[in-house]
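If you scroll down you'll find the structure; I have some questions about it.
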Amino acid sequence: MSSMENQTQARRANRRASAILKAVASFVVIVATTYLGLLAVTFFIGRVVPIDPVLAIVGDRAPAHVVERTRIEMGFNLPYYQQFYLYVKGVLQGDFGTSVLTTNPVMADIRRVFPATMELATVGTIIGAAFGIPLGVLAAVKRGSLADQIVRIIGLIGYSVPIFWLGLLALLVFYARLGWTAGPGRIDVVFEYTFTPITGFYLLDAVLNRDWAAFKDIFAHIILPASLLGYFSLAYISRMTRSFMLNELSQEYIVAARAKGLSETRIIWGHALRNAAVPLVTVIALSYAGLLEGSVLTETVFAWPGLGLYITNSLQNADMNAVLGGTIIIGSVFIALNLFSDLLYRLLDPRTRIR
Amino acid sequence: MSTLLHVEDLRVSFPTRTGVVEAVRGVSFALGQERLGIVGESGSGKSQTGRAIMGLTPQQAEIKAKRLEFSGIDLLKASQAERRALRGSRIAMILQDPKYSLDPVMTIGRQIVETLRTHEKVGKSEARQRALDMLAAVQIRDPKRVYDLYPHEVSGGMGQRAMIAMMLIAGPELLIADEPTSALDVTVQLDILRILDRLVIDRGMGLVFISHDLRLVSTFCDRVIVMYAGKIVEELKASELSQAKHPYTQGLLNCMPKIGESRHPLPVLDRQPEWLL
Amino acid sequence: VTPADTLVQAWAIDDTITLDPAESFELSPAEFLGNAYDMLVRLDINDTTKVRPGVAESWTVSDDGLTYTFKLKPGLKFASGNPITAADVAWSFERVVKLDKSPAFILTQFGLTKDNVAEKAKAADDSTFVFTVDKSYAPSFVLNCLTATVGAVMDSKLVLEHVAPVTPTDDYKFDNDFGNGWLKTGYAGSGPFKIRDWRANEILVLERNDNYYGDKPALARVIYRHVKESATQRLMLEAGDIDVARNLEPGDLEAVSKNAELTTTSAPKGTVYYISLNQKNENLAKPEVRQALKYLVDYDAIGATLIKGIGEIRQTYQAKGVLGALDSNPFTFDPAKAKELLEKAGLKDGFSVTMDVRNTQPVTGIAESFQQTVGQAGVKVEIIPGDGKQTLTKYRARNHDMYIGQWGMDYWDPNSNAETFTSNPNNADDGTVKTLAWRNAWDVPELTEKTKAALLERDNDKRAAMYKELQQAALDTSPFVLIFQQTEVAGLRGNVKNYKLGPNFDSNFVAPVTKE
Amino acid sequence: MSDTAMTRREWLLTDRPQSRMQARLGRTYLTWRRFTANKLAVIGLGIILLLLFVAATAPLLAPHSPYIGDLRNARLLPPSSTYWLGTDDQGRDILSRLIYGSRLTLQVIVLVAIIAAPIGLLVGTAAGYAGGWIDAVLMRITDIFLAFPKLVLALAFVAALGPGIENAIIAIALTSWPPYARIARAETLTVRNSDYISAVKLMGASPMRIVLRHIMPLCISSLIVRVTLDMAGIILTAAGLGFLGLGAQPPLPEWGAMIASGRRFILDQWWVAAAPGAAILIVSLGFNLLGDGLRDALDTRSGGQ
Amino acid sequence: MTPALAIDKLRVVYDDFIALKDVSLTVAQGESFGLVGESGSGKSTLLRAVAGLAPVTSGTIDVSGQRLGKTRDKAFYRQVQMVFQDPYGSLHPRQTVDRLLLEPLDIHGFADTEKRIQRALDEVGLGSGFRFRYSHQLSGGQRQRVAIARALILEPSILLLDEPTSALDASVQAEVLNLLEQVRRDRKLTFVMVSHDLGVITHMCERLMVMQSGEEVERLQAGDLATRNVAQDYTRNLLVASEGFVRGG
């Protein structure tokens, strides 16, 4: 090996290192600015909502002097910039403040409600992708056929029917009438004394506890709301799958695959979908992020103690610490998912891999 | 020399909103173990002829022929499965642009192995070995490295070689090469042609070579078919191309600027309506 | 299916934000605290004008009406096992006054301050507690106030183990939090149940207190699950996943009552719903307009539909069953009469006005109905919907025109509502006593005086008469259009027995409940 | 077919139009023909036209008042010959409310379409074309908006603007542009380095002109599809805001609000929520079909073949 | 006489790939200059750098004696225009020929647009029948004519031609080449033309430069190729390859 080659190799390694460094730096900047933006906007929102935050704590019937005192105690008498400064300072130290509504530290609350939402969203997305992708593929392959139209209608209903409506209907049918699934809530009260959450993801916890009765019950509870959310994302995923697949199926390499004598199944699933998977990852990640925001309506109908409900409830009570905490979480989820889908994208698409 | 392929009065038409487009209008030829060139300008139906033989025409197209027979098999009557079994193993086709005709997310090696394992029951390691051999056969210098590369990581010439390897690995008796070199540099072009030439000679394969480059076809092929607007206007020996009778063929030959020739302006084709008939 | 020894209730418990009796002032925690803590005296739910013994066995009132002496039952224990002493009672009072949270005024209105509380609420000996008030109030008033959850007897020893240090400030001069932080989710009482666990907006678990002195509850535990939607609750009840559904709306209630496997129970509550008219609005300030609007509510239709089963039409502001409540519903839907009155007020063609409505049923429905019926007299109402806290913020700032809302009694005594509806000591914008009359800028010095006077009337009958007078005055002139009194309902599984709702949330006792 | 019609058609379809006007008309006609060849798209158009018609003639079509009901006698009646779709909990005729509600639905759609889509388009194309720090800043803003819980954001806007359906719609519009910006940016990135954009640059066109006149028209068709696909969601978001008391003010017969209030009766009086639900479904189906058809018809590239 | 185009030590770097390594070049007024070389040798990059479409890191470009800065003004584009390699990609897919030709006139504020468009179309041999067509309704040769018309409509003095015929059939190529020659004659234009086809270059150009990986290999007169008077092996290989296939080679 010549020294020349060595040199170029070293240079290439150097270049790659600097490229990675640059990518990391820009990522950090992006994350930092996004967070700051999120914080600022949320804080601003907290100021413009015409709700007196003190009311949430002391109630409507509290005497005037208690209201005033509480206002001061909570620092609402300070100028806004000072409040913001104090808040950001707290956040930087990992302290998101205390929720006045639940009296818990916001972080503790979120540790409780977020796994609930995340578990639901995860199962929902799995269902959505598991059905949405094949449906989308079917629609693309049979473009213009009856099957295509049916998939379109299925998707459209998912889009246009309010989820709380569908939710109640599903409860009525599958829970009340047929008794196939369990009702609202995450777990039966029977398990209140025997089941101890560890991670907050109940399905996982049941597995960790080797509590199969609980697992069955948890599964029976989650399946209905998750299917509902899954249907929701199915609508979107199938639609996008269809259009990505159509795009891939018109590519020249598909003709080449046919020329090789491959079966249609192999061409569709092995080649076209494999390529369509690249942009699909982003779509699924986005829809997952959407579900992670928490659906207030689903959570209300299914009495699911999740993030969406938490944030909405906090917002309605001007419990800004909680709202800010929730926003940060959702922002983080968004950023993380973005990053993750980016990585996955790179993994799936060799063209974007750094070599 | 036995005849591999019989094509008689092949017609390919596409229904479109504005009416039926007849891409191929009655093409007939027979092919043995030889190099047959098909030339003609863009849109003259060269590719559609090739694809019709392969059975790769889009679904909505209508294919008619008095006879379309490959070594005794009536392709028109054959079922989808039968044709699929033929494709890749007995008849293969090289597509024009390696950039677009290789699956971008699959390594070159896997794409080659895929063809092989579709048609033959071979073990993984054997398939790999044969793919490597094939890559070597198409003059790829470092087959082991290229085997694991993705299409975007190789040059156009290399990609085209991989494409050829992929199509030849199952040992087809007939190869249709649809403008296999027009996306490549002139220097690389010749390498590819040399490989194809070898294969025809060594394996006794039939080759349909589709191109718009008359000069190339005349030096490379045994016989040449000249197409215009979906029809064959002339069929002649490659070596006799310069004595072509049809004014279209003559025009095509003439209008190319050549080194060391000074014709200003260049002669242009004067298309006659009766050529269409 | 629910376990046999557990009562599972579905209820919207998102208003629970603290479980400290000195701080809690909302509905659902009142029920939890009412079951988990004991007070000196309790409301007699069989005759709500009376009180019955709690921790105290008996009590006497001095002749001057200033000193109340309570004799405690002997040998009582907290859930923790600590004995209940008069010192615990005194400390509990001191704690409330010093913490001075929302419900503290129920005690401080008797002249208790941070400085004198140790003197005025003190233990004479281990079993005698002496409470001194500043004026010779009606004893019924004083005793009624002591039934509120703020009067809960706290396990001082236990709480003192959990106090957190605080840096004193101008507003809060003490160096610790009296266990307030811990008690937000903790428990230090002696009621029939212990509070075992509370997860906000999710679940609250009560567990039998084996140290309870009285009849032990039959059930080992009572679980409240936070379920907001009426329809969801109904489905769960029908499926047997809960034993009690607490937020049934009229339609679901009807369905439940028709179901053979289910029963319902109900009790009138001390909460009244009303439309109020801000006197800062010049149209609404006209007496004729105030009266006209009272004729423009379709009481009968509303009673038969929107609040069917969950409320009863009531046009006076005192809840039925309270001492001195006036049972009189003089107004009927009468657009002609209303038009007449409006014409007198010079508003023949009606006028336009806004109404702030919070987004919950049945107020939204009533508001919409009202909007239609007043339209018949030419009054155009624009409904401004808003979330609860949002409209409330506006209401408390007196920025509304009309407001529809409810008012629940702070404690089971007529003074609670009389004070808020018919007294307004200082109508200035910076007035410190922000009663409902103040919020609607209704300046009534005379009624204010009368309300005060009724407090000091020690003769129960006379006192009752005075309150009736006040209610009549309100019917005739007030800017409050009272509509109905809430009836609390619950749908029950058929096997749930002895489930009885009380007049107040802190008297929804679950201890007697059994399951077959 | 009559003679004059033939000649008019010929004039429209001529190979050599004499003027820009004629060419434009001819193109429009061709687009129309392409569009009408797609049956589903025509159904979609029919639905939308019906919606427009109903909205325009609501007072004539509605059999009852949409605002005044008979609480006492006509509450929650099932569909019958007097009340075709039944009555709601205020005893109002649901059909009449649906008919009047079409006006609000249209308002929602139009406002969102003219606010959110253009903002998204402008931000996305500008970011994509400009690149560099402009791109970075615009995309950060987009990300922040995207990462924000929608409802919180909408709530804030409504709080700032005051309650009422118009403000709710504006709030929705202001929160729904980020995905459009993303799409537009992605599409811009694919065309920004194309030769035909370089060619315009070589003509000396300003970046502004390039974005507005050359890039935006390219992004519009996929945006149309996306916006029409989102229509149902937008109508439902309005309902979601109504859920929080920030949407339509009672007694406005906004469809989403109607479903939201009808959900209380879903177990026993299913029609109260089902009627507006079906209306939303049909209208979104209409937009969806129309959107797909429009894309195909407007796409001159695929249309010519 | 000042040269129409003078390039000195031009360097273009994409990210960290050097596409053009200090290439120098002068083209006299009215001259036609050719660039040949294999794919990726930097031919297009050179033209794009002149047109302001590629990032120049160092070196200078003078057009008619005027030094070009980082940005190009409108006046520059009236002087220099370019025709792209791919006729399928260089016309806006949503614009009619009319609109395509109107755009430059509109940008530069020409008044008699109608006449100019008409004339431009006539000049490239397209009748008015093509005026209101979209690019997808045109054949490759017709598209390239439109592209040429668009380049000429601003009456530039220098035309940069990036493989203007490589995507076209031989027969159409001849027509386009003839057209280019004719407008050059009529308008006394300066051409810089890129092609990978030596035949085309010798046909069109007087002088040419052979390029490889961003660098100049050698510079020749058109006649040198005919007489095989070349110094570099690389050029010789190109020459051999352009002869066609030789069996058994």
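Annotations for the structure displayed:
Per-chain residue numbering starts at 1, and chain names A, B, C, D and E are given in the order in which the chains are listed.
Operating definition for what follows: a contact is a pair of C-beta atoms (placed from the backbone, for glycine too) under 8 Å apart; a residue touches a chain by one contact, two chains touch by 3 or more.
Here the structure is a predicted model, which means the values were calculated and not measured.
Between the interfaces A-B and A-C, more contacting C-beta pairs are found at A-C. The most central chain, judged by the distance from its Cα centroid to the centroid of all protein Cα atoms shown, is A. Taking each chain's centre as the mean of its C-alpha atoms, subunit A lies 52 Å from subunit E. One inter-chain figure worth recording: subunit D and subunit E are separated by 46 Å, centre to centre, where each centre is the mean of the chain's CA atoms. Subunit C and subunit E, compared by their mean Cα positions, are separated by 87 Å. Note on chain placement: the centre of subunit A and the centre of subunit D lie 26 Å apart, centres being C-alpha means. Looking at subunit D, one finds that residues 244, 263, 266-267, 305 touch two or more other chains.
Residues of subunit C touching subunit D in their complex: 230-231, 234-235, 249, 251-252, 255, 298, 300-302, 304-306, 357-359, 361, 364-365, 367-369, 371-372, 375, 382-387, 390. Considering their complex, residues 30, 33-34, 37-38, 41-42, 44-45, 48-50, 149, 152-153, 156-157, 159-162, 164-165, 168-169, 172, 239, 293-294, 296-297, 308, 311-312, 315-316, 323, 326-327, 330-331, 334-335, 338 of subunit A touch subunit D. Taken together, the subunit B residues at the contact with subunit E in this complex read 41-42, 156, 185-187, 189-190, 193-194, 197, 212-216, 218-220, 251-252, 255-269.
Across the complex, subunit C is touched by residues 49-52, 55-66, 69, 72-73, 100-104, 109, 112, 168, 171-172, 175-176, 179, 182-185, 188-190, 192, 300-303, 305, 309-310, 313, 316-318 of subunit A. Partner subunit E is touched in their complex by these residues of subunit D: 15-17, 20, 23, 26-27, 194-205, 209, 213-214, 217-218, 300-301, 304-305.
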